[in-house]
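Just passing along the structure, written as structure tokens.
Letters are used for the chains, namely A, B, C and D, taken in the order the chains are written, and counting of residues starts over at 1 for each.
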Amino acid sequence: MSAFSSSKPVVDDRPREFCGLFGVYGIPEAGSMIYQGLFSLQHRGQEGAGIAVADGETVSSAKGQGLVSEVFAGKDWSTLPGHLGVGHVRYSTTGSTRIQNVQPLVVECVDGIWAVAHNGNLVNAERLRLMYQEAGAIFQTSTDSEVLVHLLADPMFRKRPRRVARALAELEGSFCFLLMTRNCLMAARDPHGFRPLSIGKLGDAYIVASETCALDQVGATFLRDVEPGELIIIDETGMHSSMYAEVKDESDHARCIFEMVYFARPDSRVFGENVHLARVAYGKRLAEEYPVEADIVISVPDSGNSAALGYSIGSGIPLEHGFIRNHYIGRTFIMPQQDDRSAGVDMKLAVLPEAVRGKRVVVVDDSIVRGTTARRRVMRLRDAGAKEVHVRISCPPIRNPCFYGIDFPTSDELVAGGMEVEQIRDYIGADTLGYLSLEGLFAPFGEKCGFCDACFTGKYPTDITGISGKHALEKESELDLEL
Amino acid sequence: MSAFSSSKPVVDDRPREFCGLFGVYGIPEAGSMIYQGLFSLQHRGQEGAGIAVADGETVSSAKGQGLVSEVFAGKDWSTLPGHLGVGHVRYSTTGSTRIQNVQPLVVECVDGIWAVAHNGNLVNAERLRLMYQEAGAIFQTSTDSEVLVHLLADPMFRKRPRRVARALAELEGSFCFLLMTRNCLMAARDPHGFRPLSIGKLGDAYIVASETCALDQVGATFLRDVEPGELIIIDETGMHSSMYAEVKDESDHARCIFEMVYFARPDSRVFGENVHLARVAYGKRLAEEYPVEADIVISVPDSGNSAALGYSIGSGIPLEHGFIRNHYIGRTFIMPQQDDRSAGVDMKLAVLPEAVRGKRVVVVDDSIVRGTTARRRVMRLRDAGAKEVHVRISCPPIRNPCFYGIDFPTSDELVAGGMEVEQIRDYIGADTLGYLSLEGLFAPFGEKCGFCDACFTGKYPTDITGISGKHALEKESELDLEL
Amino acid sequence: MSAFSSSKPVVDDRPREFCGLFGVYGIPEAGSMIYQGLFSLQHRGQEGAGIAVADGETVSSAKGQGLVSEVFAGKDWSTLPGHLGVGHVRYSTTGSTRIQNVQPLVVECVDGIWAVAHNGNLVNAERLRLMYQEAGAIFQTSTDSEVLVHLLADPMFRKRPRRVARALAELEGSFCFLLMTRNCLMAARDPHGFRPLSIGKLGDAYIVASETCALDQVGATFLRDVEPGELIIIDETGMHSSMYAEVKDESDHARCIFEMVYFARPDSRVFGENVHLARVAYGKRLAEEYPVEADIVISVPDSGNSAALGYSIGSGIPLEHGFIRNHYIGRTFIMPQQDDRSAGVDMKLAVLPEAVRGKRVVVVDDSIVRGTTARRRVMRLRDAGAKEVHVRISCPPIRNPCFYGIDFPTSDELVAGGMEVEQIRDYIGADTLGYLSLEGLFAPFGEKCGFCDACFTGKYPTDITGISGKHALEKESELDLEL
Amino acid sequence: MSAFSSSKPVVDDRPREFCGLFGVYGIPEAGSMIYQGLFSLQHRGQEGAGIAVADGETVSSAKGQGLVSEVFAGKDWSTLPGHLGVGHVRYSTTGSTRIQNVQPLVVECVDGIWAVAHNGNLVNAERLRLMYQEAGAIFQTSTDSEVLVHLLADPMFRKRPRRVARALAELEGSFCFLLMTRNCLMAARDPHGFRPLSIGKLGDAYIVASETCALDQVGATFLRDVEPGELIIIDETGMHSSMYAEVKDESDHARCIFEMVYFARPDSRVFGENVHLARVAYGKRLAEEYPVEADIVISVPDSGNSAALGYSIGSGIPLEHGFIRNHYIGRTFIMPQQDDRSAGVDMKLAVLPEAVRGKRVVVVDDSIVRGTTARRRVMRLRDAGAKEVHVRISCPPIRNPCFYGIDFPTSDELVAGGMEVEQIRDYIGADTLGYLSLEGLFAPFGEKCGFCDACFTGKYPTDITGISGKHALEKESELDLEL
């Protein structure tokens, strides 16, 4: 789900893409379980959270801005009655945001209420939005997700068989959708399978979640992933599957490899592989590809933990804890004004000087985006007495923007957008710098195909002609009004 | 503006009808002035408040639940920049309400942003909503007001001249609308003129408000009322008027006489007459129609104040203060549980026993709805020692529901729905009971035509066939979904 | 209760004096009834509210800033269990205030918990505070009320008979106190009887309240006033009375006549007389003392309502409503910045031009303090077309500060501190100005003695030597610390 | 600082002991720096936070419940002006708590304002409180910390030289105090030196903090620890030291070894040693003392991280990540009701099955208290497929309560209070269980003396006669009142 682009006057938040979805069918107190599930998916979005449930007759919903635990603090679950429901967490932004954009969207069409939760980024949303607006539709959010409800409500789709399937088939880009009517839960994944979506079973009940860690949290058993191009419908007659889009073979898939690199929780199983083990493998491979003489391996916690472990195993260099993470940075933290004294002070990670002093240090992190943070941390390790600082990154250089849901900056702002590795090394002040190779990235899967690696390679799995850049999506939409 | 009826699953608040509108064009800090204006119209709605402003380029808005002073507490007006804008206050309910329903609605159509604020009740909203839903539209609020934006966005209207006029012409029922685009303010009143809407001038700026007391508040001069069937457009070229509906003559008007009886503030000028003076005249007339030997005249404050004064003048019986009003009942007041001791205790009005003891008392109030409050107050006056209690009501018996925006209960619940005056007198326990005659009601206007008196007479100015009762508007809208 | 003076560094609010007290003994759910009672006393203080209750074993309390309805919004009364309790409302200030100062104070001494609520102003609090501080006491609030708990805890008082009585006897100034231990409710009034305090009965239970309107609110019957110099103790053995101070005769009393003029609610019985009737008598007397040829009498609502009625009766000039009060000004209201347009605009009272245009108007108000508000309102009546404006005030000119609990400004700021009546008339722009005579003020009581009229006469009932002015009470208390 | 025991009716929170202190002298915007410092000490207390500052004339303070970032969200630091100040974080409890108990306490004595912040537990607080109460003192909090201000205000101490020193000398138990007057900062540590307190330097300014990680956070340089029995006074003339208590030699010290085991942050230097390195040494020693054949070593994050690393190094068994921590459990998290399905589900730590399946696992944690959590986690590792589970604890069995500030339960509730190691192993279901030896615990210091290890050994460094258990401190304090 992303803030939509063409509605500049309405938009008051930057596009933020990652989100988490959790849906259930067949649990007596669906709301409370969705709360637990969203809590496990909180790392996918901290900006807002919402839950919509249904009991076969009535649809009830609640949502708000902030963490799951904040939005539902003191919630009386009896006000959200139902045995089916969908929940959503939205990626955090620092700025203000509109409550209207928090999902699930709950709308009324001719045939009743629909609740919609979306994870991803629809590249043809702008075109569809404009098309529907030209046909008379009005939009009340600045999210791209709103176009799906217009498709669903469109008589062209509504009146023919396989309505939801046909509506979904109109969408381009990356998406996982959870849809709910008063008595039916649906789950769909785009034909490229950019984002993960998994199905679990708990007794007779079904659970659908963005990551398997949420299935584990509620005690459900992993059944299988929703397939790219598949539409799952769960109602009182059970779970039904159909393909709403033709997917020739797995090479058509474009599963986001960055989920594996950074976004997913280590205890999740994503695209068939455990995230932690894959990252350990990345670290081992890095040790092969970029060996170095050093005294200790340290991680940038928590995102570098698994790969640092792998690097230590692969290289035989002992692991150390070089950074201590302050867990109490919340959304309300006021960053004190930086003056000469505090410049370079980091409120989130503290260096552990006793661990690094006089040492040759290998620092392992998952990725480098702008390079400013990496640069500051190298500097602070040196200030703490590190003799050498060797940076190892468990993915290739990120050189291209993402149009499928990850909030990378433009190529201009990406440090690898304009620099070669040696220049980056120089910029961040490391003694050596090693990025995992593309081959290494795909090695855990035993194959290279079926993934989207456009941020590294620039090879986009869909036509991005006309999307010359994320910011190009934003335009002035206000036309002259004929009154 | 009223909660819409056909969307039962979404509706979570009872329909409440009265609202207040305030719009400005040409004031550098429009937001701050709208705040002042809404504050003067707070008696028309305490449930929620919202403001949308524009600076020619960007539309900004803020809204929330509660009083104007609460919603905008600590507001930094620089976040609502603009020289034009619209504001809305919404009638208070005791139950919970959806933030989505708070107006102005701000939506995006193909030609840009529209902000819409509505006061009234659209009797064909259900039909239009269904019609648009059948054509594929989705609705995100449970208000009837949302249909107008669908009309405005409809290519059928959008693509031909006089678009807003034609959209308005589709609506039936009672409405005043304020519409805003990024550079234009519009005001419209339904062809029957049910609700008041006045235009003021402040230097070169224009103000439009539900009541003239809001014009006075901001120092504006009353220019004229928006006429029934008139559409006012104010932009950088000035104010333009056109009639979007043909109104044969004033006898087609159906101005709500209950605005005069109860709703408008005494210092407002409504339908050409000052409210206070009209109510004083009602009291004088009541003294003629229902004279009585008594010692004092007391008012039920504040709604009965003007009429009580009139009754005192007309009858020569001296005024007294028999009730003291507690001004501190707010929305958060918790009514303590009533047990035997406190049964009949009234948190809002306290009787002043010293004033009424041993006296023959005339109590003047504006109206009787269910009769339970009147009954309790008569009882308490007797408990305080009143020798006789004579009730005088400054309007005729309310026998019929209102379909144009006033939240009367059904005829079954209206005490005058099933009882004659003598029975009502007996029920409330008064010694005598007098209701103002219909003639008296219209006397201040010197004419009887051009008003809606359906709540008293049952003669509805529009076709209400098919609207067999307010509650009939509510139906189950959830159809079977073909997936 | 007032903010204490000697602790400048702690003090962060201006002294505000009036407060309301409500205590109960013998009601199963004391907390909920205190809530109701405080609600009736809300006019005596809107800054903060607190309740402490006891069930014979445990003392529980809750307090906060704002209105009673706000502080206890959503309160679960089961968290305040008890059959006895005390409550307090504190006068509103515009600035910030310390939660520590909100009463009841709940402290622990050697013999257990005491809850203390105070209304008034202790003129020797500064001396006592210093004395106890010199003996080692620490103070945690900036209120004068805190000294009583130090007296109560003082072994000198604690160890001899009639402890509370002896502690109270040390206090000078104006006070009503409610004291609560875990099983006993006490009420005391200073020997001069400055502030009112009344006892009511409800079945076997006792109620003590600042005004009788609170007794009426909870359905209790007025029993009698607490006498000046009396200490009432209510426990499981019933109500016991004793005099802790010798009061020779009623001429020693110094009941605050300004309670009658302005502060008390019209339906209360204060010092033996109904407030409304006394104010009506003031208005009648004013009509005798300052007759005028005029067309209408109007009140400054609500404080002038009763006297305006009296003036109308006395003069035969008909009453009118000339001002409309906006009831929605709350504590959070943001006064918009005044520019040329809005200068003189009044957010609280709107003039009703139709009522005053072309008329000779008598305006009745309770008092004039600084004169700026009176001046503005006269001006606005003239702007609205009043032909003549005659101001009548239902008390004599206020020329002196109050040391017993009313927050008048210094003589310099009091308009009558430096001007004679004719000068004041000229300043406020009235055609004529009449102040009630001292004789008229006491006429309803049939006597002149037993009241404090120092604000009018400068004859203070206690020695005020050394209290050269309220602001003189404030001094720098920080001494050099020997470490 | 701990909730005081004798005031049962006031106490509404359980005693919680650990807290964090941060004081500054000589920083222009002291408030903002204290905020940063407290943020680094947040792990020492999440219940509440407060800051008091002084500018030489005025003392200003702010405090509230919750995290530092929550309490000071949106804080305008200009409202806390000053170049010196003290801050405090208070340990989190799940229940409600009284705002009065949040520190710093700010009180007024005869010689001015004192702000007091305390970390520790005063074992003679009850006796002192009673003694002062008998002399007439009143207490307004339920913390033991309040007795110090009574000592400071006591003329016996106030009037003789070295006042603060003599007051401190009266206290028994564990304490670090920060005291502030309007122009002076003081820091004191009890003669046993139970809790850490360090001094840093930043230019000409001085910083005092519970842990050195807070000095690092603000860019200060570690100067030295406050010595046991030392009183530091910092004012415009610089820093002055004196010993207020005679400390024969280091063997009199009783530094809390549990700070090293669990409480302090790994990047802090406590009692002269870096915490992380000491914990790594514990892990290595554990590997020597309790070797085992296993496949992986995992940590219970984050408290076991350093020791697990040490165990891996010492044993040569590779480290793995077996648990994933959810960082989003906040104070407002609602634990869903546990039913059969979710019993045993852990919202905070998720097992990573792929990492442990089929493995012989060594789990390293810092300590076992009740044993229920350890038992559940062993069970979940087995459910996830671990072949063997070997538990290693980096301290000896905790068998005795702490009277110096750590919130262990009673011996009855401590799993090692009544069981031998083999029984505990059986209870928690581990294959083997090893606790670090006492020798191992002190090994990093190269000495065994100068520490308190009473929780392990039962050898209390102070007389605890009469303190038969923590709960014995609580008694009914309400005496009969003689009125």
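In this section, contacts are C-beta pairs under 8 Å (C-beta built on N, C-alpha and C of every residue); 3 or more make two chains touch, one makes a residue touch a chain.
Nothing here was measured: the structure is a model prediction, and the numbers come from that model.
Look at where the CA atoms of chain A average out and do the same for chain D: the two points lie 38 Å apart. Averaged C-alpha coordinates give centres for chain A and chain B that are 48 Å from one another. Because contacts link each chain to exactly two others and close back on themselves, their graph is best described as a ring.
If you check each pair of chains against the touch rule, the ones that pass are A-B, A-D, B-C, C-D. Listed in rising order, the residues of chain B touching chain A in the complex are 7, 9-10, 57-59, 99-100, 105-114, 130, 133-140, 142, 149-150, 153-156, 158, 161-165, 181-182, 184, 186, 233, 477-483.
Listed in rising order, the residues of chain C touching chain B in the complex are 32-33, 35-36, 39-40, 42-43, 46, 67-70, 72-75, 202-203, 213, 216-219, 265-267, 269, 274, 276-277, 302, 305-306, 309, 312-313, 318-321, 324-330, 332-334, 336-337, 341-342, 345, 347, 350-355.
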